[in-house]
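Letters A, B, C, D, E and F name the chains as they come in the text, with residue numbers starting at 1 for each one.
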Amino acid sequence: MSSRYPFPDLNTLPEDIRAKILEVQEKSGFIPNVFLAFARRPAEWRAFFAYHDALMVPESVGRTSQLTKGDREMIVTTTSAANQCLYCVVAHGAILRIYEKKPQVADQVAVNYRKADISPRQRAMLNFAMKVCIASHEVEDADFEALHAHGFDDEDIWDITAITAFFGLSNRMASVTGMLPNPEFYLLGRVPKVKA
Amino acid sequence: MSSRYPFPDLNTLPEDIRAKILEVQEKSGFIPNVFLAFARRPAEWRAFFAYHDALMVPESVGRTSQLTKGDREMIVTTTSAANQCLYCVVAHGAILRIYEKKPQVADQVAVNYRKADISPRQRAMLNFAMKVCIASHEVEDADFEALHAHGFDDEDIWDITAITAFFGLSNRMASVTGMLPNPEFYLLGRVPKVKA
Amino acid sequence: MSSRYPFPDLNTLPEDIRAKILEVQEKSGFIPNVFLAFARRPAEWRAFFAYHDALMVPESVGRTSQLTKGDREMIVTTTSAANQCLYCVVAHGAILRIYEKKPQVADQVAVNYRKADISPRQRAMLNFAMKVCIASHEVEDADFEALHAHGFDDEDIWDITAITAFFGLSNRMASVTGMLPNPEFYLLGRVPKVKA
Amino acid sequence: MSSRYPFPDLNTLPEDIRAKILEVQEKSGFIPNVFLAFARRPAEWRAFFAYHDALMVPESVGRTSQLTKGDREMIVTTTSAANQCLYCVVAHGAILRIYEKKPQVADQVAVNYRKADISPRQRAMLNFAMKVCIASHEVEDADFEALHAHGFDDEDIWDITAITAFFGLSNRMASVTGMLPNPEFYLLGRVPKVKA
Amino acid sequence: MSSRYPFPDLNTLPEDIRAKILEVQEKSGFIPNVFLAFARRPAEWRAFFAYHDALMVPESVGRTSQLTKGDREMIVTTTSAANQCLYCVVAHGAILRIYEKKPQVADQVAVNYRKADISPRQRAMLNFAMKVCIASHEVEDADFEALHAHGFDDEDIWDITAITAFFGLSNRMASVTGMLPNPEFYLLGRVPKVKA
Amino acid sequence: MSSRYPFPDLNTLPEDIRAKILEVQEKSGFIPNVFLAFARRPAEWRAFFAYHDALMVPESVGRTSQLTKGDREMIVTTTSAANQCLYCVVAHGAILRIYEKKPQVADQVAVNYRKADISPRQRAMLNFAMKVCIASHEVEDADFEALHAHGFDDEDIWDITAITAFFGLSNRMASVTGMLPNPEFYLLGRVPKVKA
């Protein structure tokens, strides 16, 4: 099993993309495969990561969000599991472990979030995300009200929806193109001594 | 039924977004609701339309594609129908009618593409798109080979996948936020005298 | 794509069938394909249209119904979309537009009736019809009560059920035999000048 | 559990319906509930049984069919089980036992026709019927060819389709209206001494 | 249709298994196929029947249960029908008829338990069993509460769950190995004169 | 989230069960929760573990199997993921990592076995196991042949079926009773220095 599409040589990439990738490598210690897999199409790469950052790093676009970093990664991991996307479950599960400081939570939500050690608020958030993931055409007022009851406002609901929808895109791209998680992700955040 | 999220006033929007919207209005005669619905979050708006253009107007990013404009809109209309997204079926169905110069084709693929008046090559394309839409985790070599047999190469398959995935995002956003199609779309491309 | 079964010559048909077909042609300006497709088996033709008229034109059998003509066609269009029957969605969608005097409603209910511009009473009616269409074995008292709350009585519920069930028959026959909608249906009721 | 809709008094029914019901009673020893349940709406009753006879008793309308009586009842029992219709599985299962002279075959096809003691030709017939029942929009040339390989011609395929579709109507009506099988049906054809 | 795996000769079986089988034969008048089909693997045979008896004959292990014998067989028949297991529906349907002294109840729950002549308590029990059968990962507090409302306690719920789960195992083994019901089961409990 | 059913005190358990549990604790360094969760019903505990050992430790019952220990745990992990059973995915995923000496394989098969780094023979094995798990009533000759082509014989197929079926039982019990994995399982086999 390897990617169906060859990764481009880092040195052949447009400067902005190369710089961003090197920055990520510097910070993480390795280059997550999604950065290389999508780089063969620079315009799509730029749009993908701009969208990603607007949703997952809202402060990078001057926005605040009531969703925590852990909430966001939990949505990604849970809905990516529903879409059976190996790359996203493993990569974002790693980030989720780190942000939530819970080494078991990613495995829990990936198998069955109803059994996970998360708050009732997070469970309501995931119920909504799963409906967006699987049956968005059936979302109705009652679904909004269920989130309001847990303190989410409509901007938070937009966030949950957009994150679920964006990673639905990512899941489909990763599965079809055969993108596989870097080995590093499997262990990240699982044991104290592994640096995140 | 109306949008759950208010549209921003055009005059309050960042200049680049306002300019692009006015350009679209100039060309189309009206502002498709997606441009206003997403504008309340400028960073997401920019990423969304950059991604859209990279896939749907490849020449705008210096790329060529063997998929025709009609092929692309046919993928959007068919998979949006599978996701039951009213906005995208009606809006992109209109554009599909215009590009294919077939006033009935959008209704056909929206109900059952297996009965549509399209080429065997287009039917194979839609078979693949539907699998990406519904069960991307099961896509395998045989699915690639079925497309190769119709002359699609791996870049075309990337296109089909990315278009399906991107509009899966769009479908979920539109359905959850309650985005409705502009009345103009319903008739576009149906009768000779209606200007597209 | 054309019908798998040849249409009989109008002149070879039994007189009662031929007369009825000519009457429809006189009234509509064309012969809807269902009249010719089924005519190759006269006994089935007679039973089909007798059943159709008993449900869709109750006054023709001396019965009154609280369902309006538009209600009935709305049920047909919505459940035919769920069954992905091209003929019925296009043909009955046209009649629905005419009866409801809403040129957009057929496209709306065909894609996602939850987003359609219809009354809460009609939405409850369609919720029930969809359950009959997809999971009739699960219909229970609570489903009846939900309709009673909107003013439907048990005779109306019989009507909704029978219309949904009858067009489920029609949908299956049309899809398997390859029956396609006449081109005229696509435009009927969409623009003021088109005579209904 | 009893019918949601009261049965009419036999003596209040139109003469043609009353006569037919008495004839059935004379022949069977009891009145199958479907005859009474539908009689409250005479026009629908007439259309229903005219359609039924055209399909299930083709010689009554001057037509011959290569499907045997047992084949036809096997299609009804199998697809009614898929639709979870208690009335039709029990009533037509009884008739199937009698026609096939196999006291176990109805229980077998109702649970899992793939395990039933039937011919390969009948199994192919049921494969097709189940596709018509569950996913008629996906029926394609290959499905026709699979039946041709077993000696079925296109008229036989029309028969299989129409029987499946007609009893899909019957199943939905029976389940929603709460029509229950007469006690007599449960035992018919199970033991030699029970007269059919 | 016959078993994919040959049955062992009774005389070659370990003494404990042979003795138990002869005892069953003595009592029932025939050897239910499951006893022979599984005997080719003695260790699995012993575990299977030990588990079976612990759940279905609790007094044999010194336990009491508020579920009646009829309740237990009703769970088996209903969930085996959902799993489309011919052996278990026919064999346990027979036992259900005998225990409940209702010759029709097995056919009713096998087709659609919602239409069966059973108590509201039994219907609640089957609702829960079906959820365990089909979506055990979604079982939640509300499901327990629905059973408590009918007088079931948590030990009863363990029973319902374990019976459903154990026969899910049995269903899969029977279907894959091609185990068929003995002819005797089809008639047992249907008519007064047939000895149970 | 904790078990819905209290664990019994080890000292109150029957001697054979207590001894076995202490032996497991001695060997593993902790007591896997399944041993305590099921011990409140000794007869079921004995049958469960006897069945488990007959399938998973065939040499313990004097049988050999062509399935490796890794093959068996891979079936358990994959089908438990399909059933969304948190306990079994985490606990058996740990054992799978150890037996296969592949720290990533459990996460891979739990998310999407089609993307896992396993042999074509193992993938065929999992294809079959998934069909047994999800649609055992549809298993047919072609499924056996697909396994024969990879060198599996009918005894191996019995093994695959029985393991899938047995853990389907285990999955349902674990999910409904709220059995959660011991913390130790999450890390086992992931890093060289962690002793298995």
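To be clear about the criterion, contacts are C-beta pairs under 8 Å (C-beta built on N, C-alpha and C of every residue); 3 or more make two chains touch, one makes a residue touch a chain.
Everything quoted here is computed from the prediction, not taken from an experiment.
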Copies chain C and chain B - interface residue numbers shared by over half, same or different: same
Centroid-based (C-alpha) most distant chain relative to chain F: C
Of all other chains, the one whose Cα centre sits farthest from chain E: B
Pair with more cross-chain C-beta pairs in contact, given B-F and A-F: A-F
Cα superposition of chain B on its sequence copy chain D - rotation in ° rounded to nearest 5: 120
Mean-CA-position distance for chain E and chain D (Å): 30
Inter-chain centre distance, chain E versus chain F - centres from mean C-alpha coordinates, in Å: 24
Between chain C and chain F, centroid-to-centroid distance (C-alpha), Å: 52
Whole-Å separation of chain centres (CA-atom averages), chain D against chain F: 45
Per-residue multi-chain contacts in chain A, two or more chains: 84-85, 112, 115, 137, 175
Full enumeration of touching chain pairs: A-B, A-C, A-E, A-F, B-C, B-D, B-F, C-D, C-E, D-E, D-F, E-F
Chain F contact footprint on chain D (complex, rising order): 112, 114-115
Residues of chain D touching chain E in the complex: 1, 81, 84-86, 89-90, 103-104, 107-108, 110-112, 115-117, 175, 178, 180, 183, 186-187, 190-191
Residues of chain D touching chain C in the complex: 4-5, 41-44, 46-48, 50-51, 53-55, 61-63, 83-85, 132-133, 136-137, 139, 144, 154, 157-158, 161-162, 164-166, 168-173, 175-177
Touching residues (chain side chain E, partner chain A) in the complex: 137-138, 140
